[in-house]
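In the two complexes that follow, chain A is the common piece, with chain B as its partner first and chain C second.
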Partner chain A sequence: MKRPLLLSTALALLATAALAQDEIKIGEFASLTGGSASFGQSSHKGTALAIEEINAAGGVLGKKLKLIAEDDQSQAGQPATIVRKLISQDKVVAVLGEVASSKSLEAAPICQQNKIPMISPASTNPKVTEVGDYVFRICFIDPFQGTVMAKFAQSKGWKKVAVLTDVKQDYSVGLAEFFVKGFTATGGEIVKDQKYSTGDKDFKAQLTSIKAAKPDAIFVPGYYGEVSLIGKQAKLLGIKVPLLGGDGWVGDSLLKVAGNSLDGSFFSCHFSADDKAEAVQNFVKKYKAKYNGETPDDMAALGYDSAVILAEAIKKAGTTDGEKLRDALAATKAHPGITGSITLDEKRNATKPAVILGIGGGGFQFVQTVAP
Partner chain B sequence: MFERSKILLVATLLTFAGLSHFAGGISPYYFDILIGIGINIILAVGLNLVNGYTGQFSLGHAGFMAVGAYASSWLTLKYGYSMGSGTLNTTTVFVLALLGGGLGAALAGLIVGVPSLRLKGDYLAIVTLGVNEISKGVLQKAEPLGAQRGLGGMEQHTNFFWTFAFAAITIYVVLNLVGSTYGRGFLAVRDDEIAAEAMGINTTKYKVLAFVLAAFFAGIAGGLYAHFKQFIHPEGFNFLRSVDIVVMVILGGMGNTAGVVVAATLLTILPEFLRAVSRYEWLPEWLRHVAENRMILYSLLLIVLMLTRPQGLFGNFTGKRNSKLQ
Partner chain C sequence: MIEFIQQLLNGLGQGSIYALIALGYTMVFGVLRFINFAHGDVFMLGAFAGFYLGPKTLRLFGEGPSYSGAFAALVVAMVLCAVIGIVIEKLCYRPLRDRPKLTVLITAIGVSLFLENAGQLVFGANPQSFPELIVDRALEIPESWGAISGLTITVSQVLVFGVTLLLLFVLRYVVLKTKMGMAMRALSFNPVAASLMGINNDVVISFTFGLGSALAGAAGILTSIQQPSIDPLMGVNAGLKAFVAAVLGGIGNLPGAALGGLLIGVIEALVVGYVSPTYRDAIVFGVLILILIVKPTGLLGVSEREKV
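On to the complex of A and B.
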């Protein structure tokens, strides 16, 4: 009884080994369950859609791509274990992941040591790609959004802007710093610089002092929790100028709390499903068809782009050898992705346009894309 | 009796040193799981001293692990690379940093333990839970330790030998302590605190001692973890991590070291095993789908085990010896 089982196991293993010749294995680690599962599920769905499409179009180098996705349960400690598994057991040629920077930072040293290229779809912490030359990202890093919003403010003809920064968040401080730099470099004026801390509930003192300075707009690069309250209180104080922000504004509760008080404000983001560009609309259509009418969010779009960029690099390298694949990835230029034209710079970070969304009518509306 | 256990410990350590020689040959993935087992054994056996043998309910073990992880990482990052390279140097720094992490955690255990161990049962659980959250919160704000960005850059010093050597030492210390005349105090506190006090046992002293020792070992485990994963983040030492360790203790059987070791091993392997099962292509499709939802399966297994063996996996094995002790 035991022998046949053993034999069939051996045969099955042999069969899979034979099959493995015709496919290129790509590893993915994502938070499919746990606290950040909504991000992980989205990026995984985008990635899976991309792999399916590439295979339907004939694969890469005459072989099919095989995506091996593992769940890290949103838990620290898991990414290292999983990436070791993907590299040593599954022998993947590259690793895709993660959304959360802390998870990417855990996996990156292992990919670097094993000379396996890793592409993070959405980790915005600058330290991620500093781990080594095998670690890439296809999203912009935090400070870039500050520069983008400065450009946007200028294009609107605003000359005087006030800044309201969350001093407890690196994210907010980084955005504010680059906004001020970009805005003042081209003749703009920062008329007021106010601060608050994560968890604050009352912003009237800061807003009153900002109101007195009569700005054309207020830059508030915080997270949606505080921003919704700031919007509400600004309206109460009779401040009519628009508020500007970054992707930290994206959150279900932003409009629930703020109501219509943020109407006419703008923020930068990675992707908008309302973007009329043909590539975006095609992607939205395919995504909806595959996932029961679900509308893709920015994580899905970034997950999709990460897989496509990897496939393109394998094609260009003509091999799955780690070192050559890394060089091909590093040479990615003007890749026409769903989230815009992506170029990887010498620090392996993406240079790409951002999407500006406006608030109005109880939702977010696509306004324009701003090139770097 | 003591002599024999000492010889046993030395023999075990020598075996591990020998085995460590071959550890480089195995797949890094299995190696990762092995080290995870060793670290969980240290954590669970240490916590068993508090939750099992002394009958207290601590729910914040990961907090002490965090103190050890950050303290030892800070030590190796600050002093590790100024002492020159060479295996002897780096190993010395590493082991000293581990001990430093352990002592730091023990100190934290003392500070927390002295006031809070006057509480009992549920209240103690809540206090320790609070301490876990506080240590996480402080680390999230501590700029020199990376705050919310996490701390990285440690070299990988943790190997097979050091992990299992410390696991063996933990088991040795706990078993011998509980088996000694002095150690009967722990059991007395667990069995009946009022009676123990009436017999002249300083119950607070025993509770604090158990707590501090457990914190020390948690600190060592944290140091081993930090120098294996090479990146630590406050979120990695949250309440859920503490619950993981408590589950190992309860599943193994409170106050049963052998059971706890087996439970720590099983619970470390199980999620990874289920991961592998969902990939076996010769298994029927539905079975692989079941295995894919491995965390649900894992939880179900825990419920079934607790229903069928409330005394823990090995609860009955040493039940006889325990009754003799009592």
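On to the complex of A and C.
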């Protein structure tokens, strides 16, 4: 009885080994469920679309790309486990992910250790790529986003701004730090510095003390889940000044929960589907066709760009060897991405433009593009 | 000064929710001497009852948000949660009633985990936006009121506080003035003697679970009106805080649970507003430890003499 079983296992193993040679495995970890699922779902959809297109065009180095996507459930601790599994078990040649900086920071050291290049589509905290020379990102970083919003606040003539930070997110803390630096350097005043933690639902205490400080605007560099409740409660408490934020605001459920309470607020992000550029409109069309008419948000665009840049680098390197792939990635220059022209600098960060969107009329409106 | 009063008001709003949940913990402890850790998840089920049935009850009373529709949703959620509470007790706790209390306690944790994970499977793990049952708006105190002008109270805060007070009085009436209430108190005093006096302990225990779960269901709706984002794990933190509130007030004591809930809500608001949200939970639990050191039975608890 035992031998046929062994034989069939051996055969099955051989078969998978043969299959595996025809494809290049790429790992992806994303928050497909949980608190920041809106990000994970979007970036995953963008990534999957890119992989599908690349394969339809003949793949890379004569092989098809195979995306192995894993869900980290928006939970701390999960990314490390998942990325270890992707590298040691699935033998992926590169890892794509995550949107949230704190999760990318968990995975980055593991990729660095195993010499597997990792590309984060949207983690904007500077620390992410500081982990090592195998860690890349194709989005701008917090200093840029914080500075852009500080400049924007100044251009609006706001002199006094209150800050409400999510202390549990490196992303939020980073953005706040650079906003404060940029805003105070040019004569602005931070009238109140309040904090909250991811998962909080009641912000009336913080907002009450912010209201007492009478700011011209409130900088809330958090994620959409909490921001939507903050917007709603701010309005209820009679706070009429605009809220400002970063790309963490982008998420379907922001306006579903907040209703019209965030009207008149602004945030910086990577991409706007209203952008008339041809590449953007093409992407929007393809995305809508694949996902039942859903409009792509900036996480989807970044997910798409991250997969395309990786594929280009594999082509350029001519191999999936970690070291050569890393060198090819590091040499990315003026890549015509959906989210603008992407150049990776010597710190493996992307230099690229940001857009500022305003909220009103039940949607996001394109306000302006800010170049680096 | 205005800011301080505002923080107090915010704290009372949140505290009312804790109080409603804490009452369920304390009632069950009163009759069965164990902590029903699944209670926080019944609160979550109440919120989801409102999520699915709220739009339907609103439609009974015309288009859009209305108070009568919201009230109907509240009643429906309370009834549903009462049934769920009774079923949980029947299926999970009753067969273990004669076993050591630790067995029941661990079962309760199991029920809690079951509800949380089944919730993620059935409702989805992502936070969902709660339907608008009432039009929430801010009532700002006008200039003419002098010292307290500028204070903002929201309709939902008034509603939550009002409904909580009302439910507290109803509960007080039920426990002190009805036959069932008397039976509950008798059972809590001495279960064996109570059954010798002709009280059907099973019925009374079912009733207690139903009553406590109904209050948790009400809390689920009220909290979702204030913070319209709900998820299957929302009961974990709220349940833990309410449990702390029940212990703080003296577990087994009804006014104590209400007082404990309000106190925790206010302490949280003040800590977040004046100290730092990072230390919020540390300070809340610190206060609990301090009170238990000074008064081991909780604020309003009465010490029970161990019979030999």
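Keep in mind that, in the parts below, the second predicted complex is superposed on the first by the 230 of 372 C-alpha atoms of A that agree within 3 Å, B and C clash if a C-alpha of one lies under 4 Å from a C-alpha of the other, contacts with A are read in each partner's own complex, and residues count from 1 in each chain.
Criterion: contacts are C-beta pairs under 8 Å (C-beta built on N, C-alpha and C of every residue); 3 or more make two chains touch, one makes a residue touch a chain.
It should be emphasised that the depicted structure is a prediction, and the values quoted were computed from it without experimental measurement.
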item	value
First (chain B), second (chain C), both or neither touched by A:Ser209	second
Which of chain B and chain C A:Thr33 touches, first, second, both or neither	both
First, second, both or neither for A:Ala80, with chain B first and chain C second	first
Which of chain B and chain C A:Ser101 touches, first, second, both or neither	first
First, second, both or neither for A:Asp170, with chain B first and chain C second	first
Which superposed partner A:Ser88 touches (first chain B, second chain C, both, neither)	first
First (chain B), second (chain C), both or neither touched by A:Leu237	second
Touch count on chain A, higher of chain B and chain C	C
Chain B versus chain C as contact partner of A:Asn125, first or second or both or neither	first
On chain A, positions contacted by chain B and by chain C	33, 73
Chain C-facing residues of chain A, complex	33-35, 37-38, 73, 167, 194-197, 199-202, 204-206, 208-209, 211-212, 225, 228-229, 232-233, 235-238, 253, 256-257, 259
Contact footprint of chain B on chain A as seen in their complex	8-9, 12, 16, 33, 70, 73, 75-77, 80-81, 84-85, 87-89, 101-102, 105-106, 109, 125, 127, 131, 170
Of all residues in chain B, those that touch chain A in their complex	27-29, 31-33, 36, 148-150, 152, 225, 228-233, 235-237, 240, 272, 275, 280-282, 295
Chain C residues touching chain A - in the complex, by the definition given at the top	2-3, 6-7, 10-11, 13-14, 120, 124-129, 132, 136-138, 140, 152, 154, 156, 223, 226-229, 231, 234, 237, 268-270, 272-274, 276-278
